[in-house]
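Submitted below is the structure of interest, expressed as structure tokens.
Just so it is clear, A, B and C label the chains in written order, and each chain counts residues from 1 on its own.
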Amino acid sequence: MKASLFVTCVVDQFYPEVGESAVRVLRRLGVEVDFQEEQTCCGQPAFNSGFRSDAKPLAKRFLDTFESSESIVIPSGSCAAMVRVFYEELFHDEPDLAAKARNVAAKTFELTEFIVDALGITRLPESSGPPRRTRVTYHEGCHLRRELGVMTQPRALLEAAPGVELAPMRQADVCCGFGGAFAVKYPDISGGMLADKLRHVAETGADAVTACDSTCLMQIAGGMEKSGMTTRAVHVAQLLDEAMG
Amino acid sequence: MADRQAFMASIRRALGRDAPGASVQPPSETALSLDPADLDARARAAANDASERSDELMDALARSAASAGWKVARVSTLEEAAGYIRSAALDVEAKTVVRSAHELLDSMGIDAALANVGIRAETMTAGDESGREALRETAFHAEMGVTGADYAIAETGSVALLARAEVSRLVALLPPAHVAVVERAIVLPSLDELFTLRRGAFYDGNLGSYMNIITGPSRSADIEQTLVTGVHGPGEVHMVLLE
Amino acid sequence: MKPKTGDFNRAAASALADADVQRNMRGLYDGFHMARERAAEATPNWEDLRDRARAVKAHTIEYLDHYLGMAAENVERAGGKVFFAKDADEASRYILDLAAARGVKTVIKSKSMLSEEMGLNARLEEAGVEPVETDLGEYLIQLRGETPYHIVAPALHLSKEQVADLLQEEIGGPRYERAEDLTAAAREQLRGKFFEADMGITGANFLVAETGTLVLVTNEGNGRMCTSMPKVHVAIMGMEKVVPSMEDMGMFLRLLIRSATGQRLSSYVTLVNGVRRDDDVDGPEEFHLVVVDNGRSKMLADPALREALYCLRCGACLNACPVYRKVGGHSYGWVYSGPIGAVVSPMLTSLPDAKDLPYASSLCGACREVCPVRIDIPRMLLHMRSDLAEGGPHSGSPRASLAERLTMKAWRLAVARPWMLRLANRLARLAQRPLVKDGRLRKLPPPLSAWTRHRTFPAVASRPFRDRWRSELRKSRRDG
């Protein structure tokens, strides 16, 4: 199976290690990974802020870049939702582009969704050395859950990962307060939501908090550092990489 | 009518139509797509089903009513029912009990049962304007109201009361306690059967002016989300299930 | 009432700083929200019910003129009168004229969001008629001269102490402490009004077109009082509340009530068909139904916003919304709050004035997840944002600030091409150099300083993924 990685602008610029983990995990599961260097950003920041004409060229670039890929894998529920759900809306009055968007959407997956649903993998290869034991709690990204309907796949993979123990979090599906431009426009409301999330993370006593979106983790990690929590914030791709490594 | 025509025209403009929808076909999701001609048959089927399952429905009603906040009493005879009502009236130290003119209450001899322990029972029936005023006053000061019921709903633990000649809207509303007597024959499985029957009543021309579905005591959680019973309606409610 | 939707930021800041408000709001999740969750789970075929109800609402709204016409005829057949009002003023004037003609001095009212929207109480007072709100929460906020804090629980923001002060000032007598005693005091105060009043005004949860039946859902019993005691009953209703069949009511009541409070059924569901019949023991002699547009046709006319008119006003989206639970109801600046309020309030007032509301959401979608008729609120907020940012039917010209537009242009430039992204990366690394410590930015200069009040920020990576891919990953193939 071949997969084109859309690494997202946030991973590219802030969390390249997440992209590296995604590549290693996919390769270990037998996937032939490529990276189309023409990719930049899916356009979500502009779309969510209402600047649709600014989002369109980026969406077009994405469609052109990935049109001929066999499948497209994104280590982010939010960016995957932009492509899968919102491109069609963005091009609702341009039938040709809307059709192209539908075609690309049909082969676009969030990372854990790709592994479980497209590859049909729920058992992971054993790691070479003894697994590193980690108690992990999982935060559910909003777009992942509610736009893509991906709820069971990340948990299934985490449960299957050697050495990983999953600690359930209260209100795991409640927004961390990031919301892209929302956190910039309303930093204090966003901060209030973050404080609730941090309380729920702390209650679990987990060593690490994980999610399928680097943006949620950017928010949560930033809040944890500010409030002196020592819990690690790691992307699911990194945990899977560690567990299989 | 001018108001109506202008209003409808502006709705049609907003919907991008310039004339009323020529023939509006209700989709299968709404019961309006079901022919009212079949209503009787459906209502009968519902009633038959209910009477076949009446043991099960009585049990379900007792459970759902209790969880909705009714004090549930299951009695096997009319005398027992009258006895229960009398002791409930004594518990609230009632001087006056108002009641509707449901036949069931007549046949259990409720007035005499209450009179025996010195409680006055007043029946609220239709009268002229001044009579109605006096009845209001009586109901306002009564400590308890007693009614029958037209339907009971096992799904939700409710009784439904229709307003009609012998049944005042106020008996189950003004006094701080209410007792509803429910016979086995009126218990319906769910809200759906109730509304099928009510729809049938409309096409039979006897929908009446008012129906009230009562589910437990009057309640509010408006102060600090704390549940309080007995706001404007009865805070104490009894459902007497007559087997 | 006059909207204060432009005040969102200031009002939200004061709610965030108010410990009482924050405590009350936190209770919403474990209270109403979880109660809804349990009720939905316990209801057979809950998801099918939602689909069906959505389809029925979609159809009814598509043929709204047809169903309103059918409803009106049936109300009239049952002895009622129907008035169609294009706006709040027309509706209020109809009621004021009626009150004057019948010599009405006191009106008892059952909770109605539309009445709040119309500012009806103020209009009645001006005309010398005393309006008395009889829903406990609504009574409390009437005494305070406020709008509802929550669609279902209007006085959600008040502490017991505030209620105690309020009631003592209004009624006199002892100062009660417990919720039971405070409720009892309000009950006693309102009892007399039920007898005095010459007119009862209620809202409408549903109007059944097929039979002309008004359906009211209440818990306290005040709705029954308002429909039974006075000689005149006036029901005011937003035009979207009509539903086709009596037999649809089981579905709608389950969805509305279980989504609102998690009860299997509210204490009272009252169905009204016109006036008292000749042989009825009691009931009103006159029944008037006032159907109100008041800006709703703006939502009707925009296919992207039409589904806002499917709303049953259950309040589930407020309880589910993490933003509402932080900023509370009054921040939204008008009658409707929370996610649905962020759509409806701007449409019924003015989108440019309320331009903060569509942005007051992280687009998390929790609202849609709980909505009994699956209204896609995030999608509508996005639609309104685009209308605001770039201009559209509701905003006219673009309303984005210069700073917002410049930021957008700069960002778009940075991500336009891979080489520009590389350049932006280099510039960012240069700019962040004096601020980075251990790979983190802990204090950013304005306008980003607010961000670092609550969280630190990662530094831009010195080697972005695309560089790492080129130099190592591309070649390494499989390393496992």
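Please note the rule applied: a residue touches a chain if its C-beta (ideal position, glycine included) is under 8 Å from a C-beta of that chain, and two chains touch if they have at least 3 such contacts.
Source: prediction; values computed, not measured.
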### Query
When the mean CA coordinate of each chain is compared with the mean CA coordinate of the whole protein, which chain is closest?
C
### Query
When the contacting C-beta pairs are counted for B-C and for A-C, which pair yields the higher total?
B-C
### Query
If you average the CA atoms of subunit A and of subunit B, how far apart do the two points sit, in angstrom?
53
#### Entry: Intercentroid distance (Cα basis), subunit C paired with subunit A, Å
32
### Task
Note which residues of subunit A are touching subunit C in the complex, please.
7, 9, 11-16, 19-20, 23-24, 27-28, 35, 37-41, 45-54, 57-58, 86, 89, 125, 142-143, 145-147, 171, 173-175, 177-196, 218-219, 221-223, 225-226, 244
### Task
Going by the contact rule at the top, pick out the subunit C residues touching subunit A in the complex.
9, 12-13, 16, 22, 29, 322-323, 326-327, 359-366, 368-369, 379, 382, 384-390, 400, 404, 408-409, 411-412, 415-418, 421, 425, 428, 440, 442, 448, 450-461, 463-466, 468-470, 473-474, 477-480
### Query
subunit C touches which residues of subunit B in the complex?
3-4, 6-8, 10-16, 20-21, 24, 26-27, 29-32, 34, 64, 67-68, 124-127, 132, 135-136, 140, 153, 155-158, 163-170, 173, 190-192, 194-196, 198-199, 202, 207-226, 228, 230-234
### Message
If we count contacts the way the header does, which residues on subunit C are in touch with subunit B in the complex?
### Response
24, 27, 31, 51-53, 55-56, 59-60, 62-66, 68-69, 72, 78, 82-86, 90, 134-137, 140, 153-156, 158-160, 163, 179-180, 182-184, 186-187, 190-191, 194-195, 209-211, 213, 219-222, 224-225, 227-229, 239, 243-250, 253-254, 261, 263-277, 279-283, 291, 293, 297-298, 300-301
